[in-house]
Amino acid sequence: MILTLKTGVSKKDADKIIAKIKDLGFQPSISKGAERIVIGVIGEKAIVHKQTFEVMDGVEVVTPISKPYKLVSREFKKESTVVNVGKNVKVGGKQVIIVAGPCSVDTWDNLLLNAREMKKAGAHMLRGGAFKPRSSPYAFQGLGEKALEMLAEARKITGLPVVSEVMDVRQVEIMCKYVDVLQIGARNAQNFDLLKEVGLAKKPVVLKRGMANTIEEWLMCAEYILAKGNPDVILCERGIRTFETATRNTLDISAVPVIKHFTHLPIFVDPSHGVGVREYIPPMARAAVAAGADGVMLETHPKPAEALSDGHQALLPTHFSHLIKEVKLIAGAVGRHL
Amino acid sequence: MILTLKTGVSKKDADKIIAKIKDLGFQPSISKGAERIVIGVIGEKAIVHKQTFEVMDGVEVVTPISKPYKLVSREFKKESTVVNVGKNVKVGGKQVIIVAGPCSVDTWDNLLLNAREMKKAGAHMLRGGAFKPRSSPYAFQGLGEKALEMLAEARKITGLPVVSEVMDVRQVEIMCKYVDVLQIGARNAQNFDLLKEVGLAKKPVVLKRGMANTIEEWLMCAEYILAKGNPDVILCERGIRTFETATRNTLDISAVPVIKHFTHLPIFVDPSHGVGVREYIPPMARAAVAAGADGVMLETHPKPAEALSDGHQALLPTHFSHLIKEVKLIAGAVGRHL
Amino acid sequence: MILTLKTGVSKKDADKIIAKIKDLGFQPSISKGAERIVIGVIGEKAIVHKQTFEVMDGVEVVTPISKPYKLVSREFKKESTVVNVGKNVKVGGKQVIIVAGPCSVDTWDNLLLNAREMKKAGAHMLRGGAFKPRSSPYAFQGLGEKALEMLAEARKITGLPVVSEVMDVRQVEIMCKYVDVLQIGARNAQNFDLLKEVGLAKKPVVLKRGMANTIEEWLMCAEYILAKGNPDVILCERGIRTFETATRNTLDISAVPVIKHFTHLPIFVDPSHGVGVREYIPPMARAAVAAGADGVMLETHPKPAEALSDGHQALLPTHFSHLIKEVKLIAGAVGRHL
Amino acid sequence: MILTLKTGVSKKDADKIIAKIKDLGFQPSISKGAERIVIGVIGEKAIVHKQTFEVMDGVEVVTPISKPYKLVSREFKKESTVVNVGKNVKVGGKQVIIVAGPCSVDTWDNLLLNAREMKKAGAHMLRGGAFKPRSSPYAFQGLGEKALEMLAEARKITGLPVVSEVMDVRQVEIMCKYVDVLQIGARNAQNFDLLKEVGLAKKPVVLKRGMANTIEEWLMCAEYILAKGNPDVILCERGIRTFETATRNTLDISAVPVIKHFTHLPIFVDPSHGVGVREYIPPMARAAVAAGADGVMLETHPKPAEALSDGHQALLPTHFSHLIKEVKLIAGAVGRHL
């Protein structure tokens, strides 16, 4: 942590700051420049005392040197984490994982058809919404436990492990009975009580990025989960809020190499929510894999007109199987496979 | 709701769309332009079927005409809502309400001193964090119920009604025992289960704007609360996420007149979180009142160096009482009073 | 300037970095922390060599300590700059300056009527577009020199000094013949050749903030003008580009206190472009003055239906004179006058 | 164009609006809904009169149906444009074009070495800055014409056509003597006089996206060039300004499929400026090609420590040739070649 003092700081204020550093058990490293005094605060976890110094007279700005996260950091754990999902799926290894399914679970026939078609085309996991975070209270809010039952049944038939979103701390227990992976959605990315709760669960978590979260803040959300004892977090980029309106959000593909640099956790990309327009989804799925994503999450539906949410952005089975072929080639180009 | 069809749409597709409109009980109003066919869908709540049309072949884009919210809309209720807080405070009337207090409750002495000083200077309500949403799991998370007890005690002594943030659906009940107003923070602004829960509570709610929420989305969050039966919502602008880093967030003062135009609900502004730098807070508090805000929420602390969070942006009693004098004059300039 | 070295940097790389610092005539101040080595580079203008260090092996990040601007900085010049406009207008003193007039100059009758009405209501300067930066090549591009002649004529009659936008380096000379103040629009805020050219002119400059410029970048644009010898720059906040669509831009009122903190230059606010909706403009003009702005720029038109651009956001004379009365009271509340 | 009237609009106002539509030679298509009256204005170029209706009493909002651009639109010209550069390079066909070279031209030896290495690795065009838009007036501003001479000489030796940025209308003529392609930088993307000037030039133009420009605004900038008679425009995505700071900008890869949908013009992606961190550039170059970009622009330098700008983000020859091999495979996966 570095303290930049105000120009013209009094000797008294500077001495007080230095005394405080020593009091807290750290070592000050003082640089008197032409324009300013800059003081390095040396010692582990000095950053915890950031606010202590921010309020002191004479301090202009406090600059952290180390990152605020620890357990999720690649400095803390060098080798990439591989998250085991169900019996056979490994997220974060050489294989690129394809997650497909409906935005919301609607009928059993549609779900089963969807799961079967997607599995045939090459998907590794089934997604499906049971509890839905909708911007309108009057919109369809999900079938709830009934949807979870259908997902579990579809898993039994197809063998595909299941991921579904948990919105409320009170749902964690029941979700864990049915699903293989708990998903935290973008709107709950900083619902810290929910993060703590899934941190205590014994299931892997897909943690979507909040619409307005920096990558650093997103990693802090993951840190909440790891700090509670759950190491199996899969990050998922799903688009950030920007001024552009041609797409639903701006899918930040560059988050993939940034995440790979700073953390050992695997990363998925969700182009369906990222762009929100059916025909832009396949190019973005390809881009995600080319950039190094460990998997892509795609909304698919055999009969979009019957979908209870986001039908306009669902890929049809034919789109999906064509896309999988392209993605396979791209995975190969970056030393991976499907 | 207006459907713009694709250029070169086939007659078959156009006929299907028109048939669908009639099937659903609406009336189509067809305009064949030089370049495109545009169809108005006439009838109440047509917007509910937006997705139905979005997935149809031949539809390029669906444009809503009416707003997605109803109960919060000024079209639905013309006169401005006045929310009663405690026995004597009325939010949304001629009086501009000043809410002051610490970011986090720390010691009883600090809290009582804070409350007394602020009341003397002219504050009408006391704020104080008991449960704190912190970006780091290692940061101070609030004193919890102990803080709520202190807030209730401070109310007893000063008469100031109390507002505090609720983060978790499981906290609503206990919060209601102690506080006068429940606050939903920016990070939980789209935690829909929490919105539903406070919608069932018998306390007024201060609903902060999510960092990446448009005003329309924010009003939909309020709609969630009203739809559950709680009409006493006070909106609170607290800054949005933009590219600018000179301030903690970008305080969107223009939200005040926009909110006044579209809804009957009152609006507060929180300059402390909005800018995050002590010396920029008074000018922004003045600006908020000049723009027509019904109140301002300010972080104050008699001894910022002892604050457990955000001490660097807390106003001292002297700053605060000077600011109140300026705000009083500005309130007068726009036909209001303190 | 502070160099944070990579964790596990080799002694060889660290030594090379230290040698480089000394070679360039600076003094290294080395802090060996628990996790990292941090080196302060002490000496004036060290920041100029930022890139030299960024490319060196072993350097993780280079953190500037001093601001990149100099002439515009309040550290360089403590007292606030007062810019003289025409014979009688002083921008940056106790008086709050009101600039009014049409977005585009259209007819002589409208311009004269506009100027007369606004002067009567209390305006101090006349604005009017002659060369218009329009997003469409098919939209009205301004009347050019003919408009400048009309503006000069209106000044002769009313005594109001005139400000108009210059878009092209080749227009600077002719503009200087007619106007009192050159305006640089948001879209040309980083047209550096144009900034250099107005830096050589003998006229004050209103420099609008670019839609995506941070305050620091904006001050660097001003620095371009001052560095060429023109000290008379008036900054003008006119809204930044964010995700919010309820207003044309997001008017960053907090830029006012930030600018006052970092620079001695005066600042205007332009609520008309900032919000783009007629009824939101008066509250934002009031907010700007309450926050400490040195003036407001407003679009006015006696017959908006005849306006050649932005008629929908022009204030009518009655709106304007009512607003001036409110602004006068607010100016008084913050120790200023109109 | 669709006019949504205010709720409770008077019959007189509505009649006036309808009369105005007819006066202008258009046909009104009136839909009286449950809540509002909506009027379609039918006829070519109705959108030109948008402002006329916006200022009328009773009109709440005017919604355009057709896009504001014409010449650049894929509706206007269905087949994709192929831009010929130099004698052998075709941009927008089956070949993916690689543009490489230094941010700024510095020494002849570095430039020649750079061009030779990049050509050997597979580059098709040479980039190099002669006139540099720098945020600081004190930073290196480019070698000017001397750099242009070197670029032309490097072309003679290597056969690589040359692209360089033009910043000032007065530079267009001299640039055309030396370069094969004129580049408009992000900061001048809405410098409309410069757009008009390159619209009159007889050279292809690379038009970068402005940092805060929507895709629609960007296409309007291209429309300025085409409207002046120059059809050879190559768009170039280079990152937009968002809240994320882990990368220099947020590279909007989704712009590629959006651009392909709305316009016939080819599109490049510039990952170097997009992310600004050397190790994130190769993944983003791969992502761009996977998403369907017609080419990538990359900053390369044989000796980054000698670079006069942006050396920290320049790729070395070894990085570059490795990247080219990956990009070749990805191009193949999407039916293209290098």
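In order of appearance the chains are A, B, C and D, and numbering begins at 1 in each one.
Please note the rule applied: a contact is a pair of C-beta atoms (placed from the backbone, for glycine too) under 8 Å apart; a residue touches a chain by one contact, two chains touch by 3 or more.
None of the values given here were measured: they were computed from a predicted structure.
Touching chain A and chain D together: B, C. In this assembly, the chain whose C-alpha centre lies farthest from chain B is D. One finds 31 Å separating the Cα centroids of chain B and chain C. Centroid to centroid, with C-alpha atoms defining each point, chain A and chain B lie 26 Å apart. Chain geometry summary: the mean Cα position of chain B and that of chain D are 38 Å apart. Listed for chain C are residues 212, 240-243, 245, each touching two or more other chains. For chain C in complex with chain B, the touching residues are 212, 214-216, 240, 242-247, 250-258, 261, 274-275, 279-280, 283-284, 286-292, 326, 329-330, 332-334. Chain C meets chain A in the complex at residues 2, 4, 7, 29-36, 38, 40, 42-44, 46, 63, 65-66, 75, 241-243, 245.
Against chain C, in their complex, chain D makes its touches with residues 48, 51-52, 54-56, 68-69, 133-138, 167-170, 187-188, 190-193, 196, 210-212, 217, 220, 223-224, 227-228, 240-241, 304-305, 307, 309-312.
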